[in-house]
Amino acid sequence: MAVKEIRVGLIGYKFMGKAHSNAYRQAPFFFPDIKARPVMKAICGRDKAAVTQVAQQYGWESVETSYRKLVQRDDIDLVDITAPGNWHTKMALAAAEAGKAVYCEKPLANNLADARLMLQAVRKAGVINVVNFNYRRLPAIQLARQLIEDGFVGTPYHWRACYLQDWIIDPDFPLVWRLDKRIAGSGSLGDLAAHSIDLAMFLLGDIASLASLEQTFITERPRLAETTGGLTAAAAKGKVKVAVDDAALFVCRFANGTTVGTFEATRFAAGHKNFNTFEINGSKGSIRFNLERMNELEVYDRSDPEGHQGFKTILTTDPSHPYMEGYWPPAHNIGYEHSFINVIHDLMNAMAQGKGLDPDFEQGVKVQAVLETVTKAAKSKKWEKVPQA
Amino acid sequence: MAVKEIRVGLIGYKFMGKAHSNAYRQAPFFFPDIKARPVMKAICGRDKAAVTQVAQQYGWESVETSYRKLVQRDDIDLVDITAPGNWHTKMALAAAEAGKAVYCEKPLANNLADARLMLQAVRKAGVINVVNFNYRRLPAIQLARQLIEDGFVGTPYHWRACYLQDWIIDPDFPLVWRLDKRIAGSGSLGDLAAHSIDLAMFLLGDIASLASLEQTFITERPRLAETTGGLTAAAAKGKVKVAVDDAALFVCRFANGTTVGTFEATRFAAGHKNFNTFEINGSKGSIRFNLERMNELEVYDRSDPEGHQGFKTILTTDPSHPYMEGYWPPAHNIGYEHSFINVIHDLMNAMAQGKGLDPDFEQGVKVQAVLETVTKAAKSKKWEKVPQA
Amino acid sequence: MAVKEIRVGLIGYKFMGKAHSNAYRQAPFFFPDIKARPVMKAICGRDKAAVTQVAQQYGWESVETSYRKLVQRDDIDLVDITAPGNWHTKMALAAAEAGKAVYCEKPLANNLADARLMLQAVRKAGVINVVNFNYRRLPAIQLARQLIEDGFVGTPYHWRACYLQDWIIDPDFPLVWRLDKRIAGSGSLGDLAAHSIDLAMFLLGDIASLASLEQTFITERPRLAETTGGLTAAAAKGKVKVAVDDAALFVCRFANGTTVGTFEATRFAAGHKNFNTFEINGSKGSIRFNLERMNELEVYDRSDPEGHQGFKTILTTDPSHPYMEGYWPPAHNIGYEHSFINVIHDLMNAMAQGKGLDPDFEQGVKVQAVLETVTKAAKSKKWEKVPQA
Amino acid sequence: MAVKEIRVGLIGYKFMGKAHSNAYRQAPFFFPDIKARPVMKAICGRDKAAVTQVAQQYGWESVETSYRKLVQRDDIDLVDITAPGNWHTKMALAAAEAGKAVYCEKPLANNLADARLMLQAVRKAGVINVVNFNYRRLPAIQLARQLIEDGFVGTPYHWRACYLQDWIIDPDFPLVWRLDKRIAGSGSLGDLAAHSIDLAMFLLGDIASLASLEQTFITERPRLAETTGGLTAAAAKGKVKVAVDDAALFVCRFANGTTVGTFEATRFAAGHKNFNTFEINGSKGSIRFNLERMNELEVYDRSDPEGHQGFKTILTTDPSHPYMEGYWPPAHNIGYEHSFINVIHDLMNAMAQGKGLDPDFEQGVKVQAVLETVTKAAKSKKWEKVPQA
């Protein structure tokens, strides 16, 4: 049987565009048995010169400057959206309307209403839809999931997540698009906490209610000279107001009725660059993870003999670990980019069979519902329930 | 000049009684220049046989079975209270009334009203009063404090504390006194979170407001056969209700208006035995500590040259580190018990000069106010302000 | 100016063949400013079906089954040798004779005499020659080198390297080619210690003399059914003799007259998968590295203020760190494969200017001289001097 | 039955004298069931004023200034020798002749001949004899021993020990007694390597042969103004020659015929204060230890399920761990001094039954034989066999 081909149109060409491009290039390299090969048909961006250059660098066959045109091309099966959040909804709606499978960066949208629109659109169109919470597909996270399904942690009592970065501590760091509420929708919340929330739900199920705070430590920043994402930073000279959160913290209860959780997302934790960590403590054992040491998973087994118990650091690089057979021998580590390759591997295999892939837009909406509740609770200064998707 | 003597009467003889006894024995051993020598006059407990045995083991000159009698003895200068929380108030009041200096285990009381009574009593009596937040006096914590005073962290943005233990995960673990609300007042909150709160206040100042949750994972436990602390466990056969929190979590804002914090205290974190940790992230640097590695402090300095930044693990065992000149050469580690010895060292030196010592009962009341607010907010499901001491 | 092209012919297509192929694919992806683009002209292996399959998977334009034919093709500029060690000499000689640049896997040869032949051949032919000690080009190692050049460690007193793996502990693991002396030349020595030796020389200079031991813990192993590398495992049924070292250990003195070193290489260290570590201790500071956490470098600075000294963990993923600008944001880690990409990046840039690249064959010979001295000293049971290259 | 008393006479009152004094004070405090109580009869030193002061500080009943007088006192059962190494032999001989049990600091003597004299003397006198390799009695080390006896590591392949300190890197650090060959006998070798050697033998048995190097990095140092240990530093003004090793390294084979080992001892490893570490790798598992984190033991179990293997950090502070029932709750860490308390606990219990305790002088001689072989091999530049005790 001939290997299928999935013809991809990618919107966006910067950080995420590069990570996605790499994943399409590399998935068939590492996984020769992949059931559908991605064909890198077209990359889309408004700056034709820039996008043309990266098209060559990344290996795309053609270039588009209008996403509307891209989604309507007959030779595109899958539309991949990595543009900033304020673009997600219109792009996803257009792609769905054009009958294309949609693969969208997280968070799904800049607010819950938009996310729901997107879910409705893909449902109505009956197209495959995936939101890119890529960390789910790290070997360590897949192992964590497997352990939990196997009962390793027993009844989960605690979830504890920190996603800490420090790249905007300097008050003179300008208002880039990720700090612009009109473009990014939120700050650390949608950028960082969204990942932690998805991991929590992937491993422990839905979040029911929460109390929170949001904080903006630096309330004004220099305007960025160049325009970004189609929006010009405030015309006023000098500084502009920061309207997004620098940090978002919350305590919560899960829908299972037992687990309690803490979440912390911040861009103001000096020394932490991409410190995406969580820990689960249950009646039988514990699991913890730190993205800065992404080839490791730490586990604690209460059923170990008395006096011989302790946290064990598993290098998740054995051939028996998820995805690792495609890569290198044990402890010949993989990196950040491989999380994306793993997603594309799974997405191609699913699409080869006409299937979608988790996390889908419904999950994207659920995460959005939690994000929106965090902001709501921060304002109301009360515990708030997370609404249904 | 002759070294002064401070004659001590100790109430309680179990875990804390042992730790305090050891501190009186050892302070002059390690610190020969101590300005007042503790004289271990009397130890007090209701079980005469038991207390007589430990008196010999620990080195106390005499035994009392009534705290009222103890506090009135002419040959006692300092009354040290390590009985369970429900006894603190009456004992401290009696000691103050008798004009004795009072040194009381934490938390100061089982509720804020009682704590305030104690503060009033010592103020009225004009006696020295100290609450034993012993971890303040670890070399690593003293170093953290010094760093903060020297501006190392700059503006503090984040406080993040976990105090995790796991000794009651087994549902068949009985309702010992620390799980008995009438005796202990609360569960993980007063036992564990109290330490974290005091450290936070010691390092960053007062806490202004918070949102919280409290959780009791195992709601019924076997009654304990023997009575403890003067109270008999429920007469009913079989299981008794657990009325204290197994875990307490909160997010907060500090009084400085900038710092936001998370606190988590639990006895249900499998794998963590005495995992008393915190981290501070500020505009200039970060500091973190873990009691399970109590001879270490980790620091991150944003002013290190670009590309050479990272968390640095300081072994706080050099002679230049607080208290360490009294002990052993570098990296010949000290242990848990030395935190108590350090307190007694400082207390003796202070009393030799007729002075009190921080943290005093006022600080004990402040911590109690935070604890009470945690419980209040857990019930109200709203952000609550911490009342004044 | 048009970007140059370097047309590559690769010999070997398994583990190393895959790693090298990936590097050619990815170097221009991550480093668009690369001064010469590798063109993946031909891949060579004796099993036509197998090599044809990977040619497609890896992206090679054509296939050869004879290395002699490959090296003579007019459309090849660079011959890349990743075949087992017993093939290196004849392949390199043929490539040099054909006037091709030669890039050879480590160790350069299976013995010193062969390595010297290779050096003579490339010198005579005047062709660019490189031996692939890829770990040199990890950001952490480059940072270590820079620190040493800047005087960070001062006078180096100690070198301490362990390269520990555990993949052949099982006595029933068969005699694969890496355990076959006729193919691999040696065991842990050439495979693992060679890397440590090259790193030591890269950072501290030549090794002068040493005392050693070699040990084969499992002296007989099952023969491997299939033939490998052109040689058939012993015809005798059942087990075959293991003629290579399972572990090689030595203490040494460096040519600088001051530094003393220990090296340990083994495939019998349970729990260590690719634990390639070293530490340098000098008069001013220390540096340590562990390949299992390859995005980190630990440093200790004696000039830090008293009481504030400690080992600092630098995440070597800032844009300011070598090569990292081509990859991802800070702490979005790179992996094992990126060490190869970095080599190709540097090799292409060098060849674009007609230059060679360190480590060259001369360094390959020097490492071989140390390896040979380890074996000699293990037999003589005496300290032995390392011969000149 | 009345608890026995063992009346102790201690020679030496500085670092080790303090550590031993503390152990006698504290053993009955932590272990009330101890079968014999140490009575702190007399402490001996030549400086009467100094020793009188510490006698009071440490709790000794009386003072002697002549060791000859001390060993002959009728009220002394056990002579404890903590004077520098050049005094051990004459003191032990005198004590043995006087029929006293002898407990001697390590290394047993400054050379093998002296050590053998001591062994002969205690054998002839039939007195209890113990050499103080205190680290054996840390809970983590006892656990390691138990694991090995239980077959946890299987066939041991590798031993790897580093004992690293850094207190004499400064070339202006003076020639204190530990650097004076006449007093200390050797440098890092007897001070540090002796501990590693004893641990290796405790866990894996005798060492058969070795190759080594010794290095003195700083060959001249300022003379120390004050005289120490009864010897005056060189009369010449200015600097004096350093005659001891700053570092000693060796590779070895164990008597079991299988295990190979590396040892490294140095006082020139910047950043390491008391980094006494070892690792054992065997056919079934691995064990590693680091004195700087002395409440932890790391273990790796090859029989863990595939994909779930990893190094596990055991906190050796559970009541089930050796000695810990006497101390504090889990993870309420013990420190350096408790290793000495554990020795005294075991020694008192043994002597209560008229028994001796391992490690005895025979083991002390065996360690000395290894030390002497290290020096011999460093000079001969050949592998040397370790002589019989």
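When the chains are written out, they are named A, B, C and D in that same order, and each has its own residue count from 1.
Here is the rule we go by: a contact is a pair of C-beta atoms (placed from the backbone, for glycine too) under 8 Å apart; a residue touches a chain by one contact, two chains touch by 3 or more.
Bear in mind the structure is a predicted one, so any value in this text is a computation, not a measurement.
Enquirer: Which chain's centre, taken as the mean of its Cα atoms, is farthest from the centre of chain A?
Expert: Chain D.
Enquirer: Could you tell me which pair, A-D or B-D, is linked by more C-beta pairs in contact?
Expert: Of B-D and A-D, more C-beta pairs in contact link B-D.
Enquirer: With chain centres defined as C-alpha means, what is the inter-centre distance between chain A and chain B in Å?
Expert: 42
Enquirer: At what distance in angstrom does the C-alpha mean of chain D lie from that of chain B?
Expert: About 36 Å separates the centre of chain B from that of chain D.
Enquirer: So, what's the distance in Å between the C-alpha centres of chain D and chain A?
Expert: From the centre of chain A to the centre of chain D is 55 Å.
Enquirer: Could you pull out the residues of chain B that touch at least 2 other chains?
Expert: Residues 272, 309-311, 315, 318 of chain B touch two or more partner chains.
Enquirer: Chain adjacency by touch: line, ring, star, complete or other shape?
Expert: Its topology is that of a complete graph.
Enquirer: If you look only at chain A, which of its residues touch chain B in the complex?
Expert: Within the complex, chain A contacts chain B at residues 153, 155, 157-158, 160, 162, 164, 166, 169, 211-213, 215, 217, 247, 249-251, 253, 258, 260, 262, 264, 266, 268-272, 279, 281-286, 300, 302, 309-311, 381-383.
Enquirer: Okay, in this complex, where on chain B does chain C touch?
Expert: 143, 298-299, 304, 306-315, 318, 320-321
Enquirer: What residues on chain C touch chain A, complex-wise?
Expert: Within the complex, chain C touches chain A at residues 15, 19, 21-22, 25-26, 28-29, 32, 53, 57-59, 167, 272-275, 291-295, 315, 317-318, 328-338.
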